[in-house]
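One chain, subunit A, links the two complexes that follow: it is found with subunit B in the first and with subunit C in the second.
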Partner chain A sequence: MSDLLMYLTNGVVIGIIYALSALGVSLIVGIMNVVNFAHGELYILAGYFSAIFASALGLGPIPAMVLAVAAVFVLGLLLEWTLIRPTYGDDMYSLIITFILSIILQNAYLFIFGPYPQKPPNWISGASNLFGLFFYGNQRLLCLAVAVGVIAGFFLVLHKTWFGRVVRAVSMDREVAAMLGVNPVRVNLLAFGLGCALAGAAGVILTPIFPVTPTVGVGVSLTAFVVVVLGGMGSFSGCVVGGLILGLVENLGAAYLDSGYKHLFGFVILIMVLFFRPAGLFGQKQL
Partner chain B sequence: MTMRHPKDSSGRQELLPWLAVLALFLTFPAWLGEYWLGSAIVGLFYVMMAASWNLLAGFTGQVSFAHAAFAGVGAYTSGILAVKLGLHPLLGVPIGVAAAALLSLGLGALCIRMGGIYLSLTTLAFSEILRLVINNEYQVTRGTMGLKVPFILGDYSKATAFYLMLAAAAVVLLVIRWLLKSDLGLMFRAVQNDEVAADSLGVPVTRIRVTAFVVSGAMAGLAGGLYGHYLTLITPHIPSLDLMFLVLAMAVIGGMGTFAGPVVGALFLEVLAEYIRVWGEFHVLIFSLVALGFARFLPGGIVGLAGAWLARRGTPAGKGGAA
Partner chain C sequence: MKMTTWRKTAALAAGAAMLLGLAGLASADDTIKVGVVGPRTGSAAATGTAFEEGIALALERINAKGGVLGKKLEVVFEDTAGDPQKAASGLEKLITKDKVVMAMGESHSSAALAEIDVADRYKLPLIIAEAWHDDITKKNFKYVFRAGPSNSGVVDDAILGFIKANGFKRVAIVAENTDWGIGIKDLAEAGLKAAGVATEVFNTERKSQDHYTELNKIKNFKPDLVLAFVYGFGVHYLIAQSNEVGLVPQTALLLEGAGPPSLWPDFWKNVGDAGNLELFVSSMHKDVMLTPVAKEFQDAYVKKYGKEPADYKSRSMFNTLLIAADAINRAGSTDADKLVDALEKTDLTVCSGQVKFGTEKGSYRYHQWQPPMLIIQWQDKQQVVVYPKDAATGQLKK
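Moving on, here comes the complex of A and B:
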């Protein structure tokens, strides 16, 4: 019983961070119809930045994280401006360009940061007794709290601000939104930057638990894609539900079935969704 | 992505440079030396891979990230049959091709009706599944150690492997050329240019796309099977995303959506790789930066550049040496 509860807790912690990372992919897909194959590499970059800012600049964990996410946000704006904007209307070229970008970044990280895993210092030490049954690392609990906070903030922006209304309008119907006076170029720029920043946020939150290496980005991207397809392309609440489902399935599956195939469960889910419900759990539109 | 009528180039005359290149390649084993002959074999493997990937991406507008994975399916199927059952590679390779074709049929039927982005996502996931399975099923695949397999035909000889590879590459290119000139090729381009228009004119869009995906997957299986039995050691490098990236870069740098582009790109990058080998690990970074530059600024690739240059000089296109 206490084992099961521990696996469930793990599943929720990881699942929420999967959801956070997938929100970034979903935002860019919903607004721009572009899948960013370098998503995982931006997640890693934020992880490296948070480690370096903490060690080299001697910043505390929170300023280091904020600075890392801000840096990835600016990089996202630059990438959109220089690489993605010329591909508007040609989905194939945006796929190819972001895929090439992911290879460039992987190889660049190898030279700049080296092949060894890197992590920032933990924000907090010790463990808490959960449900009176088992001890659980405080770091993980704090990660969960921060991730929930960021997601809540995202939904607040989405539903309470002008920008959020524009985002929802464009992802519902791009052309009508443009007719009503939304500047699509500026929205695209901001959406891409924010999508990258969400990848970065997931990266800085998870790096203290799972250190980053130059090549873990592929897995991060794929996980986010599975969550987006499961939740439904362009659906934000779908990302949260999808992330939780994937986190729980992976952790329970690894515990009770086969740990070597932990990441295979995500792909099984992907295949099943495509087979039984291709639009995803909350998907209204098909791309 | 301009629409070109498939019969706009005069057929016979266009074949001449290709025959010249083939004749040149046929003489390679006589004078090229063991080392460069090995490079030529690898180059021909990449020619098959890039040309068949381009058939899908350049002519039907679908980006698959499972092309290297299908080469791996071909290689591992044939290799495992040879090791476990003692099956001759010349029988095993066709079975590997069939396995790659069947898997692409399954994947294609599953996700192509959902549109292009889903194919890219699902093929990337498939490629990752295959990597996990190969690493986990250590007893069968030998994991990252690599699977020792017999040489393709008779005693080890690079000349034998070269001629087999050359024949296979010629067949693959001929089939692609024939497909592009046929009605099916016209439908490929109709599907790429305007899906809705093609659909409204009675083109079975999904079936055309799945067909292109299966043909291209089978060709990757053939290339991978032959390559594995030439190396005599099948490692997870064949179905890796690194190799996938090289194939994509070759097609992009050579010129996607043209027949000659991937061939030029594959041979160019393979020769370039030999010269910048001294820079070690830097070479993937250099390739990826060059590929990004082409994708961003010169989507027509080397072939597009050459075509524009010839047009500016007023020479009729079609003359001028290939490769």
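Moving on, here comes the complex of A and C:
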């Protein structure tokens, strides 16, 4: 029983983290129909920034994180303006551009930050005895709380603000939204920046637990894409459910089947979902 | 007028072409090229940095002593990223485009197993430095040598001896799902079971950053030693997390079977206090100087990089290049068969001992030379050699 609880706890923690990094992908896909292959690289850039701001500038964890996410947000705006905007109308171009960007960024990181993993100091040390049954890292628990907070904040913005209404309108029907007076160019710019900032948020929250190296972004992107497809393209609640399912399936599979093939279980679930519900769990059928 | 301009241009072009050709010839004539393969990106990119250091120091030493066959030795370093496909195409590029006369290096078994097929096909002498899978030399390929540890050698000589000498009763093996991890895990499991030590194996993914599930299973097994065969930065996460779940060093010690990751920069930043009492396998320790060459390497390293060498793979690469240069000089030629002949007759002092390759076919010992391996424990951030006894600089702490 204590084992099962431990696996479920870890599944939820990892799942929420997956969901957070997938939300940014989903936002950009939903609004702009752009699949951002460099998502993982922006995630690790924020991780590097938070480590550097903490060590070089001597900032505390929270200012370092906020500053890192802000920097990635600004970079996201610049990327949209310079690289993505000229590709409007052709999804294939944006796909190739972001793919090339991811390779360039990986090599730039290797050149600038070196091959060794980097992390900011932990916010908190030690482990807690959960339910009196097993020990669980305090840093992970705190990360879970912050990630839940960021996701809640995102949904609040989405459902309670003018910007959220615009985002939902554009992701439902771009043309009608434009006819009703929404400026799609500006929404795209903001959505891309915000999507990148969400990648950055996931990065700064996770870097204390999983230090960043120049190439770990590939795995981050891949998992985010799996979660987005699992939940349904463009569905935000689908992202959260998809992330949780993936986290739980991986952990329970590793616990009760074989821990050598953890990531395989995620893909098996993905194939099954695509087989029975091709649009994903919460996706809408294309007309 | 037009004609003269045309002629001038033609003459200039011809002159430039000749100069370029001469320059090409000159560089081809002045140097002898050997190739190095190894990970410069990916989870073991730090090994690439160690290799680069070893290459730089070896080239300085070899070329200061007159180079090879009266020419300068030159190294072309190709990235394999630990990926078999990249490794095979990288070595093929070194052979066909760079025209290297010999190749060496590698620290991923999966990549090395792909490279030995290429070396065999192109008849290129290849000296593996730090890929441990037995099959690399067990296949008995004529052109393939290994001047470094093998799984069997590390398990039999170092790990099993250490476990028996210190009376560990329950050993949990956690191994990554790669050629190296699976290969060395099988050997260790068989050896421990034969020695009557209670053993259980837990698989993990090489690219996984989260090990809580595996660690919880390991904790339920109640081991007094965790044997970790995880290479790259992954082992840092494993050590940090094994501390969080209350396993290491609270109820068990951890012996890391790959070595250098425990010496990489930021090891302490990544693992925190969990690194204290951690054990690892290494062929190098600053107080253990097996040969005069080791001291020379140490001094040259400190002079060039302003710090003590940490990752012993810089020294493995250094050794391998010395072996290659020695063989080329004794062969008196760059002909592949003559080089193999010369390599088989190697009797050379390098940092970690006297190199002599096995020449009897039929086992992994063919074309294999293994440096002695030490087991080192971190005690208050100091490296203490705890095994073998005759090289020990301190006692094992539990």
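Keep this in mind: the second predicted complex is superposed on the first by the 284 of 287 C-alpha atoms of A that agree within 3 Å, B and C clash if a C-alpha of one lies under 4 Å from a C-alpha of the other, contacts with A are read in each partner's own complex, and residues count from 1 in each chain.
Keep this in mind: a contact is a pair of C-beta atoms (placed from the backbone, for glycine too) under 8 Å apart; a residue touches a chain by one contact, two chains touch by 3 or more.
All of these numbers come straight from a predicted model, not from anything done at the bench.
Superposition of the two structures on subunit A shows subunit C clashing with subunit B.
After overlaying the two complexes on the shared chain, residue contacts for A:260 are found with subunit B and with subunit C alike.
Once the two complexes are overlaid on the shared chain, A:7 sits against subunit C while remaining clear of subunit B. After overlaying the two complexes on the shared chain, residue contacts for A:101 are found with subunit B alone; subunit C is out of touch. When the two structures are aligned on the shared chain, A:63 is found in touch with neither subunit B nor subunit C.
Applying the stated contact rule after C-alpha superposition, one finds that A:153 touches neither subunit B nor subunit C. Applying the stated contact rule after C-alpha superposition, one finds that A:127 touches subunit C and leaves subunit B untouched.
Applying the stated contact rule after C-alpha superposition, one finds that A:91 touches subunit B and leaves subunit C untouched.
Across the superposed pair, subunit B and subunit C both touch subunit A at residues 110, 219, 260-261, 263. Subunit C contributes residues 40-43, 45-46, 48-49, 177, 202-205, 207-210, 212-214, 216-217, 220, 233, 236-237, 241, 244-246, 264-266, 269-270, 272 to its touches with subunit A in the complex. Listed in rising order, the residues of subunit A touching subunit C in the complex are 3, 6-7, 10, 14, 106, 110, 114-119, 122, 125, 127, 134-137, 139-140, 209-211, 213-216, 219, 251, 254-255, 258-263.
The touching residues of subunit A, counted against subunit B in their complex, run 29, 33, 35, 37, 82-83, 86, 90-93, 95-97, 99-101, 103-104, 107-108, 110-111, 218-219, 221-222, 225-226, 229, 233, 260-261, 263-264, 266-267, 270-271, 274-275, 278, 286-287.
Subunit B contributes residues 1, 57, 61-63, 65, 110-111, 113-118, 120-122, 124-126, 128-129, 132-133, 136, 241-242, 245, 248-249, 252, 281-282, 284-285, 288-289, 291-292, 295-296, 299 to its touches with subunit A in the complex.
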